[in-house]
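In the two assemblies presented below, subunit A is common to both, partnered first by subunit B and then by subunit C.
And then the complex of A and B:
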């Protein structure tokens, strides 16, 4: 899959993110080019069950729940809406799997890989950094590993995913057009940790 | 060198760190740990300004945020208006001046950083005096997430200024131990110097933290969501109303005590203490022991408490019971107090005796700080017992405790605080117990005697009896209000302005209720108090703005090709939050010449534009066709797979609100486009109808705006250029006709190519995934280089579409324009049973013949462009006003193709007046313009196929 992708939305902010990282406190970087597929289907339908079998895990049915397989993270986005995130280059395969499992039933499968990029925030200061722009409670008891939420971070709409609570790590899914704004905001909010 | 009023030892100041500062042009010295007020007092400076209405000298009246008088303007390090000297931390190089009335804002930008943070907790404790600290201890030990905030620079509250002992040791030790334990407890956030200034619905509280002048962030706004709130906000001492009660040197008794204990400062040499309650005795004793001569304690009550009497006798302090201070003398500082017996029914009038003093301490009782309780919709009631408002009903999740609930002994505050912390933590689901609290000395208390107007004081002295020092409002003002027939405290507040100053009536609010009650002859409880509103204390706008300023004020949205545009030095146009290239000037070109060149290139050669900003929504489902038929004015169900149709959307009122193209990508699947600024609004609109009105329709919407980068390639040579970078798309007009789309490869990348034209020229729209946008853009630019391929911006796009009479929603429309007004009846289906807006097209108003129509306008060929927004009138000379307006110009440009200016306009009955000349009002001239069809160029549409 060489040269599959050109320029990621935050290619121009690679340095900004790296410079904002503080060893032992905070690590910021872009996770680019992941495959992202939006799925809409009635969770009670046989199709939803077929999809669960096809991808290897039932679609999560709790708000903000995230299911994982070896290859995929499946984010609950709404009562009949999920975002499937897979490794670079797997968007076609994911779509084919979902479309086949969906069969003739009503649902939708849309490639949205380019729609959002991901900023990974890791380190002990992660929660405090995000708290500067996110009104949700990110405490380990309230926002545990494999939980996600659609929310605002500063003035950008994001999907926030908690990857780990012990060694705090988050993925921020942000619209490609907002990504630079968000990177700049993160750099600004992280500035105090470099002092 | 230190001030002559500084004690040799004591206080919580750092005597190893002297601090030099300047006030009203004089240099002084204080210590680290001083406030501006304590440092001034240590230098014998009481007067800090003059009053706002009468210009009377005014002095420091308190030691905290309730200060009504000592407003100062900070000049250096950075100009800040209207701070209270009692809360300004002293620092080296501070320059301040007294402030009668308004302050001065800085003219230069504030270099300090202000930011914000969100926080969540199980228990928020507001106030870290004995009550709050005890509460925090109970709550923190339960494992609950606790935040404890206090406005003061250090924790301890009343203990800091009272010199009290706890468990027979200085209270400071207990404060330090508890604070240390709280800091060491996980999930406990300790916030000194943090004022919780507002409480909003669902226990959302906002606080501002003063992190220090040298901190990375000067002030931080905390947005706190708490499950339970403990209000341990303490109480404020109330002054007394008597003639001349505003003379500098007049101070709240307990504040004077604070100056002695906390700052090691004597606020005077010889004091008269005037009180209605026990608390001022402690001040008299402590001041006496520190070296102040107490001329007398003047108590309005007939009997003083035995304990305090004994202590006074021990020290030779005389107590005058059943007496009051009924006047003061002195010019810039009090020099004497007139004492009169409180007249009773059978007593004869007496001549007041005068006692010399340079300090007059007053205590009219204590007001629990019920501000946040009240903001939480908790009611208050007037307690006869303490002569103040106390919390009555308890709002859910909010409990007041300690002095804030009317408990004024340290022992009771500690005990009830500890219990409140336990109860709050339990309510939040934690198994909490009361933390043990230290023993505090206590003794019998004689009830206070709430006193508002002094009996026997003549009414004509009312204009010297101040109720609100900050507003210079007197008993005479209240009397005037009552005399005018007002009885509501809210009316009188507005008439007299009492309680409306920076301090929001912390000392004057209840005082005015008491005065009103006496003048009306009713109970204070009947008068009540005015509403407590946030903010509890003044907040700097900079703190509220936080980081939402400059580049971070609003998100800037950019496309995948943005950096390429930057290399061209093009100015950008703001479209919603997007940055779109406006035009691409070549060296020496201004905007007009650049746009003419770009227009010419598209009409004669080939141009390219970044149109990635257009909104894109994937529509899927068996009912997708039916759904689109309902939301567009024209019919989309008849569109064949592979084809594209232009569509208009109206709101239910029949007015155009967005437009775009609809591509049918499958039997049950469409991809629709929206305007750049309208994308989010359209998606919301469609979801709204799907979810609330038509839930039976099986349709899913997915926003894919940023999945795609989109390039418009336009001009007679566009096919030729595209052919060079694609091998698997048959670009022939028959194979790939106008308004169709196909998938293929462009510059080696998978692409969806459409034949859409917004210029009337042969044109292609190339969609590739975001991350290929710049690469494909550059490949096309390269491929067209020998054709002089010309990148063009939004301005050229606007000119080209206007030449074709294509309206821009939001520019040529304003929410009052129907498709028919636009001359686009062709886009309104007459065969559909229903669609949004349909019914409105038969309203009398929408079928009027004199509605404004979108038409073309031609000013004289050699004239300048007529500005957009120009009003249009009938005649070459203006008649007497009011002048009937025919409409206005919505779009106006110079056309390269026509070599003349032209415009689009909304004109009354415009289509019926084609060929007529009307006039545009430009400055003081009237410019003739001829009404034309809105299509100026290639009316037959011959150019779209190349």
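And then the complex of A and C:
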């Protein structure tokens, strides 16, 4: 019987991304196997407050806002919906914390770690690169650090997360089935920066 | 390309949205009482005005929420709430 092994959605594009990186201008890589948990709960309910206390920060209530704790990033996905992103292997722990804090109240906690993988784009050219396929204004004035947006990048649905404004750093959350397409698109878009 | 103001995410490109048709079409209170003609009227008949039209949109590639806007079907100007000032065009 064939031996089973797990690999991330972009394992087949590790080299493509590395080859597309331009030292000093652009770094592309996959951030694989992060824990991702989708949370839905009424933001005005006591449960939302209990969850805030349990994870150590209030759930962000502004569109595109991101809250951070030492371990977690909490992305605003909708008026009653959040995505919690943590380090590899922490999904069960996050889920348990949220489920306990939610208690009997109406809401949902789902492990969606397998849904999306992450492409990290860093470097001074990263804004320019993303702007080639994204209609949003990515200028630091309107898309600063700890902001996120769900939008289309090269026609693929993504969640963009700005991690740092000073030294531009973005995470692109993309569905596993779109990941290789997006990696290829990024590689093509980054080609011009190679001298 | 229309710029549609999502009440949550702000103005976004039309390509991020899904059209939901005429707004405020309510489900009949007693559907079993309806004649076939009335049922068909509820299901299939929609206004098609030249001018301002109240319609539903879904921000499919964004926050995935439904919302209602008023759009001028001749100019694609979009109005929110009861304001007469166009938000985007």
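The working rule: the second predicted complex is superposed on the first by the 189 of 195 C-alpha atoms of A that agree within 3 Å, B and C clash if a C-alpha of one lies under 4 Å from a C-alpha of the other, contacts with A are read in each partner's own complex, and residues count from 1 in each chain.
Operating definition for what follows: contacts are C-beta pairs under 8 Å (C-beta built on N, C-alpha and C of every residue); 3 or more make two chains touch, one makes a residue touch a chain.
It should be emphasised that the depicted structure is a prediction, and the values quoted were computed from it without experimental measurement.
When the shared chain is aligned, subunit C comes close enough to touch A:77, but subunit B does not.
Of the two partner chains placed around the shared chain by superposition, subunit B and subunit C are both touched by A:135. Applying the stated contact rule after C-alpha superposition, one finds that A:152 touches subunit C and leaves subunit B untouched. If you count the residues of subunit A touched by subunit B and by subunit C, you find the higher number for B. Of the two partner chains placed by the overlay, only subunit C lies in contact with A:64; subunit B stays clear of it. On subunit A, the patch touched by subunit B and the patch touched by subunit C overlap at residues 135-136. In the complex of the two chains, the subunit C residues touching subunit A come out as 8-10, 12-13, 15-16, 61-65. Contacts from subunit A toward subunit C in the complex involve residues 63-64, 77-79, 81, 135-136, 149-152, 157.
Looking at the complex, you find that subunit A touches subunit B at residues 5-9, 12, 32-33, 38, 40, 106-108, 110-116, 128, 131-137, 139, 142, 154-156, 175-178, 180-182, 184-185, 188-189, 191-192, 195. Remark: subunit B residues 115-120, 145, 187, 216-217, 223, 225, 547-548, 551-552, 554-560, 563, 578, 613, 618, 620-622, 698, 700, 702-709, 749, 769-775 touch subunit A in the complex.
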